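Structure first, then comments.
Chains here go by letter, A, B and C, matching the order in which they are written, and residues are numbered from 1 within each.
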Amino acid sequence: MARVLGMLSLLLALTLAASGCGGSKKSDKADSGEVGPANISIWTPFVDPELKTFKAVVADFEKAHPGIHVKVVGGTNDDKIVAAIRGGNAPDVAQSFSSDNTGAFCPSGAWIDLGPYMEKDGVDDSIFPEAPRDYSKFEGTRCALPMLADTYGLYYNKTLLAKAGYKNPPKTISQLTAMAKKLTQRDSSGKLKVVGFNPFPSWYENVPAHFAPSWGATWMDGDKSALNTPAWADQLRWQKSLIDWYGYDNLVRFDAGAGDEFSESNAFETGKVAMHMDGEWRVAFIKREAPKLSYGTAPFPVADDKQDLYGAGYVTGSIIGIPKTSKHKDQAWLLARYLGANANALAKLSNGIQNVPTTTASLKSPLLKPLPGFQTFLDVFGNANTTTTPITRIGAANQETFQSFVSKYLSGSKKDLEGGLAGVDKQIDAQLKQAQAGQAP
Amino acid sequence: MSPWILGFSVFFGYPLVMSAYLSFTHYDLLSSPRWIGLANYRYLFTTDQTIWPAVKNTLWFIAIAVPLQVLFALGIAIMLSRARRGIGLFRTIFYLPALAPPVAATLGFVYLLNPATGPVNTILGKVGIQGPLWFDSPQWSKPSLTLLALWGVGNTMIIFLAAVLDVPSHLYESAQLDGAGAISRLRWVTLPTISPVILFAVVIGVIEGLQYFTQAYVAANVAGGSASYSAEAANALGYPEDSTLFYPVLLYQQGFRYFNMGYASAMAMLLLAVSFAVTFVIVRNSRRFVHYQAPGR
Amino acid sequence: MSTEAAPAHAPASPFVRRRPPVAVRRRRFLVAVANNSLLIAAAAIFLLPFVFIALTALMSSHQALSPRLWPEPFAWHNFTDVFSKAPMWRYALNTLVYGGLATLGLLLSSIPVAYALARLRWRGSNAAFLITLVAMMLPPQVTIVPVYVLWAKLHLVGSLWPLIVPNFLGDAFSIFLLRQFFLTIPEEYLDAARVDGCGEFRILTTVVLRLAKPAIAAVALFSFLFCFNDFFGPLLYTGENAHNWTLSLGLSQFRSLYQVQWNLVMAATLIVMAPVILLFFLAQRAFVEGVTLTGVKG
């Protein structure tokens, strides 16, 4: 998903870049006057069919900047980009689907500090809304630009809900639970046929970070990991109780037989799951793969005791930056700037791939034509309580450590919740300390 | 000789020394190594929670899967040696799976053992047994990998077959004259005679167990891959619940996904020590079981 | 001198072997089956995974996801679809390049060293041999970090060179195997050649190589197989550069990019297995001899 999004975002960015070029030819002529011709490369996680559109947009960019030829490499992922930078074979511009790596790239200089470029071109931080602004910076150094964001919410199958007598989507967790149980169907041997809401950890988009906003759960307290909180405990207890109701093994079998998240046999698109947590890109996928599906979107339900949080969600997004090994940083900056900062382009990209544009200007752009169902995610993006995961020096390691414990707790292998959470905190703190070891304070 | 000495020092001697050096540093390839003394080791032995599952998994494999493989190969070899006709055909059949590239074999097994749609559980279902979750269950994932390993014992089996067929027949004849039955002959003639080969198989098996990577990596990624494709934390290594997180897999993850190369080097040093210790223990104890044939009369 | 043994032209002689009557043959066959029933059962179980993989490879994508066991209809086009979905030919080429060059380098470097260790008496040959053994035992993960760093500094990560070049500098296992074999060559052959005035090098190339053909064939075979099956190496060094993937890496990634179409994955699996199995049937003797060489002589 993120891959598709990332690619779409990149495409959008390039389209924006291209249209941006067209719109302000004079200033661009001045720029390309200073910046010489070059062959640059950009790596993106997109694959076909989005890669085709992406390449078309790159072609537009090349037309607007004669002399700059861009080689597009699709199908990359974070591991490859990280490995390439370390191996010295990195591209001139790199796009990552995960903002987590900002904490690894910035302090080490793997991606260069974009501050000087931004100052020179008069691009200011404030064009980005708060969350994207934060997840593309680390300790004050901006080494990446946000480029299209993802927000998460609830998708629900209107047909299945209507059959069970529901007209509206759930707003609280207890409503979600009750509806999920009623919407679940089993076949004659007891196997799950239709699942009301699948609480299985790490299935499709069910990672802890996505559930956090509904309980107001946070990750850090200052410098230290702070997962041992009532908010997380409540969230995990709820998830476990629903899993136990379904039967852990039953869910494993259901998941093993369900389609792949990004295939046409996606469980929600084929009506096997009635309610589902997913990102805004799913709107475009449904339009392409299951156009007859009658569905609706809404913000994800919130905990019963936190109802004022309703309307918020989780946000993350792609980032783009310039690896320090690039030999054509000026040209790379042009490309990156187009991808990250042009309002019209972001709006067009959003229309094409249904991702959330990441500048306040693009959010208000008259060119923005969201598909029905997409507005929910724009609203979530604008909500003041929408949160993201904090950027740390250890990248995604803290989330993976947490997830490792979560899957053990939810399966019943580990029973002490608070003790386990405290242990995870200790581990993450130790990892953070390790990452800092030996550095002058 | 000289190319080899060069290669040896470049690819063996130098890396060993470098590994030791790096284990005392914090190194992520983006900047130069930072000396941190024993911090890596302290972290490894006291704080890291993923090390001990990794060590346990690898030790489990060595203690359970390797002996099973040896026994299984031996059993088939002995059965084959008794067969009078069609040895060639059977030998080929048992050897074929060992030829399958590990990635291919693993993919095949993960598909076959899919808890919901795989043929194995489907057939078990027809007989009325609800099949386990195989690669998706923390209790069954290592046994599933063991089954995969047993499928591929062809190499070992052929070595055993040759050794069994090599046992001098006069030994059997004398045993028979002394009134030994088939099982006694097996225990007192066959096994002792081929004991050096058994030792060889065990040592090789242990060495491979200490390096076990490919099948665990592929199986975890494929079985866990039906899970989230989320941009954040899409790491399925060790799926499910660290049960397939073997030591080499963890080392790879630390060194080449997180790029904690200093820490990975510390892990490598530990692996080195354990490899030596285990091999030493086996060879030491082998003197009790292994009979080297006296030079011919 | 016996006058009774004249089987060639005495058909009436009781010592001539005649085919036993059908009933007896059938009974013997059934007895054989019964005696070896365990073996036959084991063989059937060993073949079962291949059968299932083949069946799945012929199913449609939808059928592969269902609990059906028999494809209907037989989707033979899956095998060609595999080639259009992923650049299998490119992967195959990479695998060939890697395997071929590595094996060549291995032979070129290991043979002289093994010969030296086996024949020439020089101080420290035993020590060198022991060190070789030790090197064999170490898991590659122990030295992997610094070696990777080395290749990264040389900017060769992403290509196949880090996998090929070390083979030109000898490999402990092959050296061990060859040395063991060379030790079995009787000294007389070599002395005869020496008397004829051959230098050590000529002895090596003319006499020893010819005698050691089975061992060399086995080493070459194993080396190529190792490269063919190698996953960790390509994963580490070419992981980020799909252009240079080998078949093993390509196969494992076949699922991530293209949404787990199991029928195609199984077809791809068969396609990757096929060359090795073919090679086995063509070179059966070399295979078996080689394996026994390692085990029994070890």
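The rule is simple: a residue touches a chain if its C-beta (ideal position, glycine included) is under 8 Å from a C-beta of that chain, and two chains touch if they have at least 3 such contacts.
Because the structure is a prediction, the values reported are computed rather than measured.
Participant: Is the way these chains touch best called a line, a ring, a star, complete, or other?
Facilitator: complete
Participant: With chain centres set to the mean of the C-alpha atoms, which chain is at the far end from subunit A?
Facilitator: Relative to subunit A, the chain with the farthest C-alpha centre is C.
Participant: If you tally the C-beta contacts for A-B and for A-C, which one comes out higher?
Facilitator: A-B
Participant: So which chain ends up closest to the centre of the protein, judged by Cα positions averaged per chain?
Facilitator: B
Participant: Can you check how far apart subunit B and subunit C are, centre to centre, with Cα atoms defining each centre and the answer in Å?
Facilitator: 18
Participant: From the C-alpha centre of subunit A to that of subunit B, how far is it in Å?
Facilitator: Once rounded, the distance between the two centres reads 39 Å.
Participant: Averaging only over C-alpha atoms, locate the centres of subunit A and subunit C and give their separation in whole Å.
Facilitator: 45
Participant: Residues of subunit A touching 2+ other chains?
Facilitator: 79, 83, 86-87, 257, 260, 262
Participant: Where in subunit C do residues touch two or more of the other chains?
Facilitator: If we look for residues of subunit C contacting two or more partner chains, we find 65, 152, 260.
Participant: Which subunit B residues reach two or more other chains?
Facilitator: 29, 116-117, 226, 256
Participant: Applying the document's contact rule, which stretches of subunit C touch subunit A when the two form their complex?
Facilitator: 65, 151-153, 155, 157-158, 239-242, 257, 259-260
Participant: Which bits of subunit A are touching subunit C when the two form their complex?
Facilitator: So the residues of subunit A in touch with subunit C come to 47, 75-76, 79-81, 83-84, 86-89, 257, 259-260, 262-263, 265.
Participant: Provide the residue numbers of subunit B that touch subunit A in the complex, in ascending order.
Facilitator: 25-26, 28-31, 34-36, 39-40, 43, 47-50, 114-117, 133, 136-138, 224, 226-233, 235, 238, 240-242, 256-260, 263
Participant: Quick one: which bits of subunit C touch subunit B in the complex? Just the residue numbers, please.
Facilitator: The contact residues of subunit C facing subunit B are 32, 35-36, 38-39, 42-43, 46-47, 49-50, 52-53, 55-56, 64-67, 69, 109-110, 112-113, 116, 131, 135-150, 152, 166, 168-170, 175, 225, 228-229, 231-232, 235-236, 247-249, 251-252, 255-256, 260, 262, 265-266, 269-270, 272-273, 276-277, 280, 284, 287-288, 291-292, 294-296, 298.
Participant: Can you check the complex and tell me which residues of subunit B touch subunit C?
Facilitator: The contact residues of subunit B facing subunit C are 1, 3-4, 6-8, 10-12, 14-16, 18-19, 22, 29, 76, 79-80, 82-85, 90-97, 99-105, 107-109, 111-112, 116-117, 119, 121-123, 125, 151, 155-156, 158-160, 162-163, 166, 197, 200-201, 207, 210-211, 213-214, 217-218, 221-222, 225-226, 247-248, 251-252, 255-256, 261, 264-265, 268-269, 271-272, 275, 279.
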